[in-house]
Amino acid sequence: MLYRVIDRADVPSLVAAFMERYEVVAPVRRGEKYVFEAVSDFDEIALDYPTTIASPKKYFLPATETLFAFDARENAVTDYVDEVRPRVLFGVHACDINGIMNLNSVFNDPRYPDPYYRAHEDATLIVGVSCTPTDTCFCHLMDSEEARPGYDLFLNAIGDRYLVSIGSVTAANILESACDVREATDADRAAFRAATRARQRAFNPAIPDVQEIPMLMDAFHEDAFWDELGGRCLSCNACASVCPTCYCFDIRDTLDPGAETGRRERVWDACTSPQFAMVAGGHNFRATPAARVRHRMYHKLNGFLATHDRSLCVGCGRCAAACKVDISPIAVLEFFERKGADDGE
Amino acid sequence: MSEIERVTDEPCAPRVVFIGLASCFGCQINITNIEKHLLQVLGQIELGYWQLTSSEPMPDAFDVAVIEGAVTTEEAAETVRRARERAGCVIAIGACAATGGIPGMAAPDITGCAAAVYGDAVPEACGVLRAPAPVSALVDVDFTVSCCPVDPFEFVRVLDAALYGSNRLAPTSVLCGQCAQGEGGCLYKRGQMCLGLVTRSGCGAKCPTLGRACNGCAGLSPDANVGAARAFAASRGHDPARFDEALRMFNTVALVAAGEGE
Amino acid sequence: MASNARGGAVAVHPYHQGGPALTGAELMAANPYRPWPARITSITELTATEKLFEFRFIDDAIRDAFCHAPGQFVELSLFGVGEAPISISSSPTKKGFIELCVRRAGRFTERLHRMQCGETVGIRGPFGRGFPLEAMRGHDVLLVAGGLGIAPLRSLINNIHDCRSEFGKVTIIYGSRNPQEVMFRHQFEMWRHRKDFDLYLTVDHADDTWDGEEGLVTKPFEHLEIDAANTFGALCGPPVMYRFVVQEMRKKGIPYDRIYMSFERHMKCGVGKCGHCQVGHQYCCIDGPVFNYWEAKNIQGSM
């Protein structure tokens, strides 16, 4: 990876350079929390944000997206063009970049590449930024603490400078035009190592580091633990709403008020929705909250690994913050930590 | 039942009637708020009966019965049963028709409530009172448009589903997920008690987005976990009795049915 | 990461527009969510609740490019009503049309059942992995269908029928709840008098009109003789049937990886994205819907 150093003071001009040609989306403060939204000025950006309520997946997979328009009288597809705005996601953490990589592997599956997702992806530049873990962060346990591919620029904070990893020529050109770009010195490299060391130490030690999670998910598939989680699940889907890697959706038709024309849309859905696995005729293959919560965790911590060789969960911890009844992969890790321990279950 | 069986073989617009029971009629009025689209909707149907627009009596034959309001009298119960017999499709609109709504608060003790208002002499015009109930307690309902008042565009969508068919399911997940999508921040963090924990989603979480706690007008989700929700509210300092009291505003009938009413 | 983010807008076209003419296959691949217009060309009433619809794509290029394997499904669109996954009942050996056997079970299928010949629908597909026809060639085949499960198996049966000499002994067991629910009855009656298939029709509850067996779909196994080492099993039916039929096939000695079953799930997108048909770590729509028993055993929550 090519890397260079810029001063922290240069970042506003970098953002300004992006704004000339792109919509810039960045973390901004909203109440006590932070959200990704479009900004018009560098000062709106909270680059040292802890985490956002929801992930930036909404810019790749909008909560509601039109697939095409139709004429209901003719029962036929009609032409439909969606303009996708060229956009820079500025200030994305490594977990979210890994989350987007996971979405890429689903939506760019060569068997059925998804043209809508692809359009968003093609129109989006990603500028990552290093972070300090919050209490619910466990990306290091999900092999997602580092973004390897998947960004155009990545800003690693080292004191009053950034060590910038450069992932694309488009971003390199903008970076060079907007900032005073220098070669890294030995002192910069040492500062980078000191920063990664500090972050390593900052993770919440109460979140257990459990090995062989996929096999444990299989082995304890029938455990009463899932009934315990299901017993308190509210069936609200807040976990899926904030998750960077929940990509399930529903497909539905919406008629315009005159009922002559309409749109086929996809809208976010989640395997924790009670009717998610219901088939025509009414049989529900996951009829209980326990079965649904277990399936969600199974897919995050085992199922996706089986087919894509990496954990779908990236350890961003948002679901742990969003869930009102303490259901999250952290609860699952804690369960495995108790199992088989001398003083445990 | 989905697509309606026409009353005649002639190709003609399906005849729709609007029936108003115990309610404020606000849902029917809200339907007119689609403004310019109202004519488009009316262009697809034959308006057989609507007290808000005509004093013509209800015809004997119709295809779709749209019912607003709770069933609070034996007369209303009979109206609903007759509508079910005649209509290919029954649509319940608004919280009163869907859950019993505000009138439903009187369900545990209708006699006591009537006495509290009228004393010993309940006027004859009240009819023969019965415990308020949603339309679905008396007859099969094909479609429901929830909320107080209904979202008029949601009503149009459901009417279309009744006229032309639709395989879209009414969601049974609860509101918090929709709220989280909006990223407005949870109202419990601001010390408010919100019923989004147990209320059917689909409304777009309009109230919490505006900083106003959900009052449950879309109705308890059939998949709501009231016990866990109550425990969560209690953990945030909200007395479970207050939680239940708030829930009774729109969901007394459901709570009574679940054995959780008074 | 952007590959095309140069400040210009990116458009999503459901239709391919401009440029050189695409083949039917390329047109379909350009947007897998886009249904193609097809006309209903025949409707046959099978039972009180099931009809067999024949569809033909209106566009020649699409019609010529469409080719399927037994066990695959299509997504059928009625615009405004929605979309539904339906397994293909016709054999790939018969080109130019698609037959779908549809039970009236909900709002979508109710609307479809009211449609007439000549009306237009949208169809995309075919999707999924079907039965391993190539591997089955040269072997005996034991097909077991329960109820509507006959719909996808009929595609396989008809395919085998059309190249009968390439297969060994073929046994069909088809169970229904009662005689009124038996589908494709005249086709089975026709076959009963031929030596092509060993045919066992069973009903759970017989009446005066029934001269076949009475009992569950597993009953014919009691006196069934098969060459297990040389036999492929194929089954499709209601979820409750699988465990029992698989057990019978295993008892007869058919290997794990030669027992093939079609799973019923709600394949909404058909292309491995929307998640509705997930079972364990697999998607019925792209990894299935046909799995062998070994695969099924390794899918959490499949049986």
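Read from first to last, the chains carry the letters A, B and C; within each, the first residue is number 1.
Basically, a contact is a pair of C-beta atoms (placed from the backbone, for glycine too) under 8 Å apart; a residue touches a chain by one contact, two chains touch by 3 or more.
Small disclaimer: the values here were computed from a predicted structure and weren't measured.
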Contact pairs, highest-scoring chain pair: A-C
Central subunit by CA centre of mass proxy: A
Chain B-chain C separation of Cα centroids, rounded to whole Å: 41
For chain A paired with chain B, centre-to-centre distance based on mean C-alpha positions, whole Å: 37
Multi-partner residues of chain C (each touching 2 or more other chains): 78, 80-84, 106, 108
Chain A, residues touching no fewer than two other chains: 72, 252-253, 255, 259, 278
Shared interface positions of chain B, touching two or more other chains: 160, 164, 166, 168
Of all residues in chain B, those that touch chain C in their complex: 2-3, 160-161, 164-168
Chain A-touching residues of chain B, taken from the complex the two chains share: 34, 37, 40-41, 43-44, 153, 156-157, 160, 163-164, 166, 168-169, 171-181, 183-186, 188-189, 196-198, 201, 221-225, 228-229, 231-232
Of chain A, residues touching chain B in the complex: 30-33, 35, 52-54, 63, 72, 231-242, 252-255, 257-259, 268, 270, 272-275, 278, 289, 322, 324-325
Chain A partner contacts - residues on chain C that touch it in the complex: 1-15, 30-35, 37, 77-84, 103, 105-106, 108-109, 119-122, 239, 264-266, 268-269, 271-276, 278-282, 286, 300-301
Interface residues, chain A side, partner chain C - complex: 21-22, 67-68, 70-72, 74-77, 79-88, 106-107, 109, 111-112, 114-116, 119, 121-126, 149-152, 167-168, 170, 218, 221, 247-253, 255, 259, 262, 264, 266, 269, 271, 276-281, 283, 285-286, 291, 295, 298-299, 302-307
